[in-house]
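What follows is a pair of complexes built around subunit A, which joins subunit B in one and subunit C in the other.
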Partner chain A sequence: MIRMQPLRRFGELRLLVLVALLLVTGFVAVVATELASFAPVQPVVPLLFIALAVALHLFLVTIGFRGDQLLLPLMLALTAIGLIEVERLASNLLLQQLSWCVVAAGVFVVAILVPRDLSVLARYKYTWALLGIALLLSPLLPGLGREINGARIWIGVGFAQFQPSEAVKVLLVIFFASYLDEYREVLTMKRLGPLPLPPVPYLLPIILMWGMAMVVMVFEKDLGATLIFFGIFLAMLYLATGQTSYTLLGALLLFGGAYLAYRSFGHVAVRVDTWLEPFAGDTRFSSGYQLVQGLFALGNAGLLGAGLGGGLPERIPVVWSDFVFDAFTEETGFLGGAALLALYLVLVFRGMIIALRAPTTFLQLLAGGLSFIIAFQTLVIVGGNARLIPLTGVTLPFIAYGGSSLVANFLIVALLLRVSDVTARVRGPA
Partner chain B sequence: MTPVAQNLRALTLSLALAFLVASLGVGYWTLVASEELSHDPFNPRLVAATRDRPRGNIVDAKGRVLASSQPSPQGSAQRFRRVYADRSLAQVVGYASFTFGVSGAEGAYGETLVGQDPGDPVGQWRARYLGEHAPPATVVLGIDPAVQQAAATALGARRGAIVALDPRTGAILASVSMPNFDSGLVSDPRTEELSWQQLNGNKERPLINRVTQGLYPPGSVFKIITGAAALESGFDPNAKVRVDDPWRADPSWGAYAVRSAAKAHGDFDMARAYQQSENIYFAKVGLQIGGAKIAEYAQRFGIGSTPKVDLPAAAGQVSNSRALDRPTLIADTSFGQGELLVSPLQMCLLAAAIGRSGVMPTPHYAVEVRDAQGHVVRSITPGPSGQVVRPDTAQKLTQLLVGAVEAPGAFAFGAKIPGVSVAGKTGTAENPAGSPHGWFIGFAPANDPTVAVAVLIENATEGGVDAAPLGAAVMRAALGK
Partner chain C sequence: MEVTFAVLLWGVRIAFLVLLYLFLIRAFAALWRAMRVEEAVAAKPTGLAFLVVQKSHSGGPRSGARLPLRALTSIGRDAGNDVVVNDDAASSKHALVSFRDGEWWVEDAGSTNGTVVNGTRITAAERLHYGDEILIGRVAMRLEQ
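Moving on, here comes the complex of A and B:
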């Protein structure tokens, strides 16, 4: 990072005022409905968060950062909605979530400052890949791994727990961006008649990737991570090569594997059957209970919603992590839910624009892949909540309760900002 | 090799489209499916509003309290418990369980009963943000205790349903569905779990309101609709139709034939056909006027569409394919078999429409909402649902149906009431689930009816002959005779 004179970022500041208003309004609305259980910590949390937001803004100003001015307010708006929902649904976890915000902000600052040059990421690509695989397999280690709610996707050290798959997503994008940047010409060579098959050695990572996704699905019982990993892989392969046939082939592999898993593994079959017929039988005792309660919450939304604190989303099991979208929509209505989706879409568009403007192919692929993570993860969990696809345990970025996910998403935004900063320095301000 | 920028644009476009699909999915559940989800018996939302305060009363037309909230003994999880007065109205009044949701009027008027009447947004806002709940309103049902008592006594412990309504207003005067259950046990947190499991697992399905949700073949009561279709198609009711048991239209019917209940041989006009409920007569008439006419008139009388009643109701069907396109199906349907499925409420509305010169009322259980001071907040008067047949057709059918009760040798003789002219029709519905169901529908006084009734006895020993006296008992209570 080249140190420079401080640079004013008025656009960002103006938007941060709106974020502060959003947070305070939301908190007042939620706290007002539960005055009986008022705790002095409640007004402190939004103030601390606003202080954190201002600190991040001033940090970028001080170092003369020239990157995008929309991403930080968008990220903090979503995180603020997350805090409002944690206060609404599980207020005992509020301080914990705020602490995770601080940790995530720390990681954000480190990611902005430390790598002097983003090409470092490309240079050590195999290191990132190996680290990713090690992290991915770590929950399977006895003693280190922990199984929570039927999925073995956590590692624990002492009191703290961490979901390594969140970090793996980012590592994967970095690895693929550099690998595909290097070999994209080889990968698009035409072989075997109409089939554009690349030379076998270059196929190895692809097959390795498929194998890893299956390991995650079978041994760690994490359908969501499997879907996300494979989605990242296919999207980046498409970004690099433009070959729709690869994407289709990969999708076929995934669906084939998923179908085999559906036939062979109980936990996969239950998810799919629940999705197909959530209302079958007595939903109070069936596997569809969680999904049906989520749909009841959506049904209570209407156009304008029940109002914050006015719904009954707390009846959905583990609502603060799996069903926070339904909870938010129940109380803010279809308009609230659609606005939230629009907020994500603006973030994704902004990331994609950063990718389009990036000076090198590696940076284009990196920014494109990182934006894709946020978009795809949002689609997978909202689609699961609204019964468009089977429900998988993916977190709603920035909003769902959970530290690992928050840290990883802050890291993604920091990297996107870095790319936009590089672009601005190369090409001059937008 | 396409430039990465181009691929980025294509990927972004696909993601944007996927977001659009996701928001459409959210729109479906929040806006389109919302109403249906809110009535799901497992939806805990409406009951949750009244954990710590009383729900409003549900009372009948004479002010008798059917459901009320009483303070719980100290140490209970809930501060109030729900008390129910009349088990014969179990499915109508319903239950309010925190775990298992609401049913009946407890569900249909759930917002009213917690002091958040849908017409009062300010009240809803005050409740949510200020915790100032409006005192819950009282829901007044049209149930007449004397008629209800007569209906419950008449049906006794037999499986089946009886419904009586005022054909002038559509207000439901009596509604009995057997077997029933104890609403109090389902609503009490201490017993709800066990009670629910027993009721929900019960093969006789006591939780179902057979009046609105029970679907049965109508048997011979459907002949009223066949007659209406025939009269409006220009068929002469005095024309003689030859009846010879058993009857096949042509050899293509194979072993299948229409049977006459009386194994009749002779010439029938419409009056005699109603008196003796002659299947072959109506099968021949139905084939003559055509399946499309029969289907059209069945639909006019509401078969196949959900009645606009204020409790959950079933639509029934004219046939599996909604059309009557095979000769044997037309013949079977014309005398009430085939693939027809109807609810007792739909048949009661049929009787009401014939009695009121072809004007069908809109049925409703509740008649008023009153506030805590007893002032009427709103009256529930949905008005007629439409003119389904011409007045002269209805008057001719009334005359024929009076004959079906009062003429010598008429099957529905059991429905006679001394001093009052009664119109009615019995039915004996063959069904795959055992011995035939017995039907009776009717109205009285025939020239200006104030009550219409439908009786259904599942697997009755004598079919419609069993049902007719029950109809008489209910109508007598309504007429005060």
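Moving on, here comes the complex of A and C:
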């Protein structure tokens, strides 16, 4: 990356002022409702976050960054809503979440500065693939892996824990982007009737990655990550080849595999049965309790909601990590919930435009895949919370409590910004 | 006193929603503007720079033609190239011109007769400046902004 003269980013700054106001207002609303349990640390957290936002903005200005001005405010607005919700739902975790914001911002800065040229990512594609596989399997190692709430998806060193599948998502997109960029002609060449018939050796690495995703489901019992991995795999295959038949075939494989999993694994069957009939018999007091409480929260929302701090979202178990969307919607109403989804829409749309504008195929696939992660993850968790699809353990990007997810999502936005920066430099001042 | 506090609290809660929508509208507006710019850019077929044909022959690109360059442009006899040089002395995949970190570079793509920059046949990737002349087969082109 070439250092250039500092460039004023007024568009970004204007939006960041709104983010700061939004955060302060939200905190005031939540804290005012529970004045009895007021702690002096509460007003400090939003101020520190605003300082962090300003620091990131000034950092981009000083290095003469030419990339997009919309992504950073969007990312920080969603993170700010996340802080408000953590304060509302689990205020004892607030400082921890703020520290994760600082760590994520650090990763963001490194990702903006370090790869001098993004094509480095493409050059070491097999390194990324191997690293991804190693990370994916690491929770299965005795001593390192930890099982929390029935899913063995964590690695822990001392008291710090990390969910490697979050990092694997990003590595998977980088690997697929570079691999498909190199071999996409081969993959679209031969056909057998309506089906494309690519030479098998070229498909092997892809199938290997897919097999790894299946391992996650069987041995680590992580439905959410499996769904995300498979979604990334299908979406990027479609982005690179434009073949609808691949996507259809993949969707068939997914439904077939899901049905087999439903029949053979107890933890999958429970999820599906709970989804189909959460109110049936004892389900609503046992496995369906969380979902039913979430549905009551949504039903309680109305147009304006109960007001931030005024609802009863704490009646949903583990609400701060699994059901933040329901909690937010209960207290801000249909208007708030719709606005939240619209924020994700703008973020993903912006990412897709960056992908369309990118100068090389690799960068296009990279930006497209990264935007897809955010879109698909939001769809899967909000759909799960609203009982549109079975509930899976996916985090609501930027908002749900959790460090690994926050760091990975900041990294995704940093990479999208890098792609838009390359585009802006190639095209010259627009 | 109680009533005033409740009213104030609801004021703050409504203010939060208003700010949320204000931010959303601003973000949508920015997105909209960016798409307008995008349409304008797409409407005029410009490249980052051009190869202007200096010397050609019958069947090749006409002299004076401005061939637009992208971030990565392939040149050769094959119709699949970004810039097609229809000349017997050109190879089907002849050369690659690329824009990296603000600089133009040209490299030979394994052609039979080689790529010549300013009169010298190149062996490795060669930095191009505006005004430099590339010879591919019998077609001479100059890099211009």
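Note that in this section the second predicted complex is superposed on the first by the 425 of 430 C-alpha atoms of A that agree within 3 Å, B and C clash if a C-alpha of one lies under 4 Å from a C-alpha of the other, contacts with A are read in each partner's own complex, and residues count from 1 in each chain.
One rule holds for everything that comes next: a residue touches a chain if its C-beta (ideal position, glycine included) is under 8 Å from a C-beta of that chain, and two chains touch if they have at least 3 such contacts.
These numbers come from a predicted model, not from an experiment.
Applying the stated contact rule after C-alpha superposition, one finds that A:Arg427 touches subunit C and leaves subunit B untouched. When both complexes are overlaid on chain A, the residue A:Leu365 reaches subunit B alone and has no touch with subunit C.
By the touch criterion defined above, A:Thr33 lies against subunit B and subunit C together after alignment on the C-alpha atoms of chain A.
When the shared chain is aligned, no partner comes close enough to touch A:Ile207: not subunit B, not subunit C. Contact comparison for subunit A: of subunit B and subunit C, B touches the greater number of residues. Using the contact criterion defined above for the overlaid structures, shared-chain residue A:Leu295 touches subunit B, although it does not reach subunit C. In the superposition on chain A, contact of A:Leu303 is made with subunit B only, not with subunit C.
Of the two partner chains placed around the shared chain by superposition, neither subunit B nor subunit C is touched by A:Ala51. In the superposition on chain A, A:Arg387 makes contact with subunit B only, not with subunit C. Shared-chain residue A:Ala240: touches subunit B; no touch with subunit C. In the superposition on chain A, subunit A positions 32-33, 307, 309-310, 333, 349, 356 are in contact with subunit B in one complex as well as with subunit C in the other.
Within the complex, the subunit A residues that touch subunit C are 1-2, 11, 14-15, 18-19, 21-22, 25-26, 28-29, 32-33, 69-70, 73-74, 77, 117, 304, 307-310, 332-333, 335-336, 339, 342-343, 346, 349-350, 353, 356-357, 359-360, 425-428, 430. Listed in rising order, the residues of subunit C touching subunit A in the complex are 8-10, 12-17, 19-24, 26-28, 30-31, 34-35, 37-38, 41, 48, 70-72, 99-102. The touching residues of subunit A, counted against subunit B in their complex, run 32-33, 35, 184-185, 188, 235, 238-242, 279, 282-284, 292, 295-296, 298-303, 306-307, 309-312, 315, 329, 333-334, 337-338, 341, 344-345, 348-349, 352, 355-356, 361, 364-365, 368, 372, 375-376, 378-379, 382-383, 386-388. By the touch rule above, subunit B contacts subunit A in their complex via residues 1-12, 15-16, 18-19, 21-23, 25-31, 33-34, 36-38, 40, 42-45, 48, 99-100, 128-129, 131, 200.
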